[in-house]
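Structure first, commentary second.
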Amino acid sequence: MNAGYLADLALVLSAVLFAIGVGGVLVRRNAIIVFMCVELMLNAVNLSLVTFSRLHGIDGQIIVFFVISVAAAEAAVGLALILAIFRHYETVDLEAFRRLRW
Amino acid sequence: MNEAFQPILPGLILGLPLLGAVLNGIGAFAWRDSKTIPSLVGPLTVLAAFAIGVANLLAMRAVMPHEPALVPLWTWMRSGELDISVMLMFDQLSLLMTLVVTGVGGIIHVYSVGYMRDDPGYSRYFAYLNLFIFFMLILVLSANYPLMFVGWEGVGLCSYLLIGFWYENREYSDAGKKAFIVNRIGDFGFLVAMFLLFSTFGTLDMPAIFREAPERLLADGALVTAITLFLFLGCVGKSAQIPLYVWLPDAMAGPTPVSALIHAATMVTAGVYLVARSGVLFALAPVSQAVVASVGAATALLAATIALQQFDIKKVLAYSTISQLGYMFVAVGIGAYTAGIFHLMTHAFFKALLFLGAGAVIHAVHDAWAATGAHGDPNDMRNHGGLRRLMPVTGTTMWIGTLAIAGVIPFAGFFSKDEIIWQAGVRGYAVLWALALVVALLTAGYMTRLMVMTFHGENRSGEGAGSHLHEVGAVMWMPLAILAALSVVGGWVQIPDALPLPHVDLLHSWLEPVFEPALLVAAGVAGQHGEASHTAPLGGGEALWAALSTTLAVIVILLVYRGLAARRYRPAAEAAEPTGFRAVLYHKWYVDELYDRLVVRPLLALWRGCWRIVDDRIIDGTVNGLAGVARLAGWTGSQLQSGRVATYLLVFMIGALIILGSLAF
Amino acid sequence: MEALYGSHWILTLLLAIPLVGAVACVAGGEGRARWTALLTTLLVLALSLPLFWTFRIGTAEFQNAVSLPWIERWGIRYAIGMDGISLLMILLTTVIMPISIAGSFSYIKTKERAFYASMLVLMTGMLGVFVALDLFLFYVFWEIMLIPMYLIIGIWGGKRRIYSAVKFFLFTAAGSLLMLVAIVVLVYLHQQQTGVSSFVYADLIQTSIAPGLQLLLFAAFGLAFAIKVPLFPFHTWLPDAHVEAPTAGSVILAGILLKMGVYGFLRFAMPLFPVAATSLPVIGTIVLLGLVGIIYAAWVAAVQPDAKKLIAYTSVAHLGFVMVGLFALNSQGVSGAILQMVNHGISTGALFLLVGMIYERRHTRLIADFGGLAKVMPFFAFALTVVALSSIGLPGTNGFVGEFLILVGAFQRYPLVAVLATTGVVFAAAYMLPMVQRIILNPLTQEENRELDDLNARERWILWPLLALILLIGVFPQPFLDRMSASVDGLIENVQTRRLPSQASRGPDLGANELRLAPTGERAIPEPDPDGGVGP
Amino acid sequence: MTLDYASQSHYLIALLPEGIVTLGAFAVLLVDVFSRGRDSGPGGPWLERISVLSLLGAVAASLWLGFAVEAEPGLVAVDGFRLSGNLILLGGSLLAVLYAVDYGHREGLHIGEFYALLLLATAGMMVLVGAQDLVLVFLGLELMSIAVYVLTGFNRRDPRSAEAGLKYFLVGAFASAFVLYGIALLYGATGSTNLSEVMGVVTARTAEGSVLLAGGVLLLLIGFAYKIAAVPFHMWTPDAYEGAPTSVTGYMAVGVKAAAFVALLRVFSVQLAPAADFWSGVVWWLAMLTMIVPNLVALVQNNVKRMLAYSSVAHAGYLLVGVAAGTAFGRAASLFYLAAYTLMTLGAFAVVYAVAGKGDRRMTLADFRGLGWRRPALGFALLVFLLSLAGFPPTGGFVGKLFLLRAAIDADQVSLAVTLVLTSLISYYYYFRVVWKMYFEEGAEQAIASPGRAFRFSTAVCTGGVLLLGLLPGPALRAFERAGSEVATSEAIEVPAAATGAPTVGAEAAGSGP
């Protein structure tokens, strides 16, 4: 098991994870789940960042920390927004939020 | 003869009528009700112009110049090599025309004073009439074609205004419009001719053109033929020849003096004048000459036949005018310019006389009916009859006119018409010659019919009208008398020595310097119509045929008189529609109807189509269509904007995939 | 005096005064606006009239010219000046404006301040177009005019005013946008050749352009101008705009705005792209469209029930004549075209005024609603007749001189077209006379018409100048021709000599050396030469 | 002075403006908390005062940095490009704050958090503008976005606001994942996130596997395309803009777009210029679509606010032309257009909310009937803004479009130039439809509360600015043209001619579309 092979494997994996995240975002209707899929995408990217840092040094891993913190902030804001909209619509089904259209 | 001729007060000849027009025009607004001012201004300005004309005539006789005297006034338009100035040209021809216009015009102005006495538009009427004289003078005195065109259309304008003078009558204003538009068709020809002339000669001044024409233009060439034919198209319009004559009969809607002045004596002869004036050009184009002559002959015949079956006294005279104009075109067409001008002059006299006489009759009947309160068409001869006793002066003078136009010796018409016929004969135009003879007899026929229906037999003007019918006032019959005199002696200015009469040669020698170049050219072009023989197509000399024609005319007159005097006409009201061939003639060979069906209606349909279909449907349709497409596209796009986040993300993803996919390529 | 008329200040004043007047209108009271506007325009007229005599005849150079830096970065300059052609257009504008404003006194009853302000802004825009010698400046004026006109039609117009306003706006804007691209391309080329960015006419005219590209650029310019002219088939905005616009709007539209299209061809499209302008396809297309316009518009006009619409179509026909004459590219044709622009401005303007006057009395424009007016309104009848005759080009009126010159010129170039165009003379009678007849002649059938009173003093005073000009130009056109002749010949020579691409770069051009512009843009010589810019 | 990034403290200097604004944000929060304690009424006047002060401070700092400071390319760029970007942003933010005061008092949104978030967003934008390092780009992007998500959903009483916020957030988060992935790939391909180094590697073509590189570039581009709302990544925009509190809408439309564009220009048209053949074609397509689609859709809008949302998308399309040109002249054009765009868009949205009245209720076209007569000043201002948006002389919008046209022509992008003018023609229709509602039709007589001082002041500024940029654009042109060419790079890739203001043939614009 040489490093290059492992790295490729990891990259592929992260790509797959990213794709799964995308798929989830596209097919799910529940706001929270969609949001979680986005988080999944971010983490997929983290994986590849870590992988690259094996090739290029420590920077990648540092970036990951930034990402994680940003993701946390996003989570906070996102959940707050979902909460806010729930107050009006009594649901988190994205299909329901169609007051703004056309 | 070599010292130059200096025109006397040339500006004033034009200025006076214009002044009169302006004054009367102001009067039409300022002093509507005053009759005196127009009655003075109107005739006097014209007569003054006539006086100056006479003075010039005498001066010119003294000099007898060979070159026209040019009077440049100011530069009109100059651009590039085009240089047109407002310039008058005085030569024997233009002076003669000036005299005819101002003389006959002046007489008619005087007559109008009586005729229009009670008309509310009195001042306006004289304004138009003076304006007409002004433009007519420009027409005859202009030294270049564009300026002539000014007069040409100016007289058209005045005729339009005067035909529709009683504008509150729809037919009348229609008639005016018709006259103008039909004339415009002719003017189109005039314009094109001018363009051709300019592109050929680089100038539009007549003297220059006539001087250079022989060198620049290939005799009998396509160019000169085109030029002359386009010019002639103008004449056809203005002088009411086939196919554009239809406006003249309608033009009788105007007050009768107008018909006399514009539609008999002067304006309508402008075409003849133009051809004679451009003699050099026509001489270079035998084809065009042939066309001119034959159109003239055909018109003469057609109009004469129609005149036979008209009941409206003015219509008869109108068609007679058309027919006589035909004669003149025959003359100028065959190159007998002097003959044409000669007939133009005499015709001015007797036709004006006839019209004014008719006017007197109409006036009388009109007044009588005004008294009795009867209604009807005072122009309809079926409502006249037996006026000889009631209106002796009118009757007699009109008989003189009739004899003159019928070509009975020694009246004016005889000499001029005889000359035309004879020239046609000796120049070998057998057909024209024959036609001319026939038309002469027809003329005698319809004129006699007119006289008989109007002045002889029982009066048909209705109960009590007779007592009210009476001779018109002096101001109206004096002009008749003068014109009658002219209709007698008018022909004596040119008596061929062939006749057993004292030989007089005033006109030929007078006009000779003007037409000399044309004749020389003609002689040059000659060949087929070279030296004239001295016998008519059927043999026999001038004297014989003159005698023959005049006796035939007399015979016709007598026959018609015998035939009709007996006939019991019935007033228009209860008269029956003519039938058979008479109907065809009565309906003028249905030409108007034909034009309406073949030209007017199709055009109108086409025009509506252009508007409704091309403009509204096609062009605007395209534009609005594009707008619609844009809106539709926008609407579709907005529908995609459904408010569903899922859709947004999906589109996002598709876009992303396409972009990433672009790597593959 | 001398100082004023020797310098560019006179032109600058002409541009500035209306703007000031516009501000004054808005600031002043509702009732006072009309007088402010009238006085402003009269002042401008008074200032502009002396130009007719101070103008130096016989030179094609731009007079009262100046070129001051504006946006130096791009070589955009406040470059104005006038030659014989501009002169006549300027005077036409300054004459028409007071008339149309005085003509609105009784027509405009609401929002007067806004109306008269728009009119004055419009005036500046129009004058600007006629004096601008910098393409940026020109374009700005060209576009700015649209706004006030859009408002005038849309606010004070008739029933379908909005549709017409938008149609007018989009049609004209559509053209000018492509012109903008063309201008940019032109500037770019000039910069490629000289390394200097400049929008100045005198610089750009020296640009040498490949024939193929010239064709494209000419098309872009030409479209803008053709729509404005309007050439068939871009004319359909005109009838709608005319019909709906208030009288003053129609008068200005017909009297001046349309002229800008032609002026654009004269001043920009043709000299800038001589090869294209003289290439057969271009001339063929334009002349053909002009010819179609002459005949087609006359036909359509003849069957219009609405007087204003009828007159609108006659404009298309007249401008068709103008275009035919313009592209004859000989002095008769071009002079005739320019003169005919003036004539059309006068006669058609007068026609719209007249129709407006009876519209104010009867609130209908349908010809059928009138008839026999001569009885109750003799002066109106008189005026209408004279104007109509001038419009159909009766000799002795201004209309004839223009048409005659155009046709003579055209005939030298393309006889057949000229002959066909001449039929327009016949059709003109066929649409104009029936209208005149059905309005003032015929029996007075409609009851409402019996009570109409004749034109009042104000209306007569509006008309007199126009009637006078109709006869004046008809009888003494030469002074006008003299003033334009040098410029016209200059234009023709310029176009003809720079036809051949080889000479395209350096040809005699309209007073470029007269303006003596310091090269603009960053790479300019540090200090522009002393008299840099200012003309004589 | 000259910055030497060897000493970390110099980064603080380089980030001085951002720092000031951030501090201002915290200050606002603290003041709000302490001034108000428990009651949840509207905040005091200090909120806007502090905000304005901090923003002005940032302006000063940026100027100082721009003119007095030299620095070799490090994490943060210190160059004219950043300076002009900052000035545009700060100007927009200042106006946005003033409008927020007016609007906030009306809608009960005059709360400390609002201004704090606004300032934080501004800080994020400035980071984005100055970022020379992809990580910094990401952080700036997120800082800005997250703050704006909240602002969008800020009006808790209004369901539209919440909906807008959520939609914006979801799509935004989704997009930032792409950005991040792009950064990761670029890092993987080049071994660095510092743009200068990335560019060095790219120019040297020593990148490992250009697939990674290309993928990274494109993913990054997608992320940016979302931020600038380029078709087809624009679909969130109308909803977000319509739903957000109108003062925020203006701020979003202006600030977010401006920041994203400046960053886009820096990252792509400068640093990734060597990789142009990967992205230029895509940008060409984006520009085309973004000009055409929204202009068409705007035709059928009946809600003015939403119509303006579409129009701002369309303007992104025009701005993309500047990017597609890829030249210094193109960058200058975009900057200039952004400046004009900032003024006219902010102003337009402001007038809309002024007309809409409390609760943003009246925003249909019909509500604008007769506006020009009922409120002449307001009407005139809107007229000017619309003219400018439509690109009519004598307004900044016109000069801006002319600038973009020149850039496009210089870069042989004639197709884009023609599309630009033709789509502008389409836009005339919907812009001038508002004009005709304002002036041609008689007004429904609902009273429009006369707006406050802040509104009048800032609207006057916008109007004046728009006209100034239209009549005397000279100085602005000069400044932006310099800025467009003064971009900190490791090696000089600028064509000298660009410095003279004479536009140059798009040497860098490799390939123009398909």
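For clarity, chains are labelled A, B, C and D in written order, and residue numbers in each chain start from 1.
Please note the rule applied: a contact is a pair of C-beta atoms (placed from the backbone, for glycine too) under 8 Å apart; a residue touches a chain by one contact, two chains touch by 3 or more.
These numbers come from a predicted model, not from an experiment.
Number of steps on the shortest path from subunit A to subunit C, with steps defined by chain touch: 2. Between the chain pairs A-B and A-D, more C-beta pairs are in contact across A-D.
Of all chains shown, C has the CA centroid lying nearest to the centroid of every protein CA atom. If you average the CA atoms of subunit A and of subunit B, the two centres end up 98 Å from each other. Per-chain CA centroids place subunit A at a distance of 26 Å from subunit D. Once the centre of each chain is set as its mean CA position, subunit C and subunit D turn out to be 43 Å apart. Mean C-alpha positions place subunit B and subunit C at a centre distance of 40 Å. Contacts with at least two other chains are made by residues 25, 34, 94, 97, 99-102 of subunit A. Of all residues in subunit B, those touching 2 or more other chains are 638, 641, 643, 645, 649, listed in ascending order. Here, these are the chain pairs in contact: A-B, A-D, B-C, B-D, C-D. Within the complex formed with subunit B, the residues of subunit D that make contact are 166-167, 170-171, 174-175, 178, 211, 214-215, 218-219, 221-222, 225-226, 231-233, 235-236, 238-239, 278, 281-282, 293, 296-301, 426, 429. Listing the residues of subunit B that touch subunit A in their complex gives 638-639, 641-646, 649-650, 653.
Those residues of subunit C that touch subunit D in the complex are listed here as 70-74, 111, 136, 139-140, 143-144, 146-147, 150-151, 154-155, 161-162, 165-166, 169-170, 173-174, 177-178, 180-181, 184-185, 187-188, 191, 195-197, 521-523.
Those residues of subunit B whose C-beta lies close enough to touch subunit C in the complex are 28-29, 74-80, 82, 86, 146, 149-150, 152-154, 157, 160, 164, 167-170, 173-174, 176-177, 180-181, 184-185, 187-188, 191-192, 194-196, 198-199, 603-604, 606-608, 610-611, 614-615, 619-620, 623. Residues 373, 387, 392-394, 398, 402, 405-406, 409-410, 414, 417-418, 421-422, 424-425, 428-429, 432-433, 435-436, 439-441, 472-474, 477-478, 481, 500-503 of subunit D touch subunit C in their complex.
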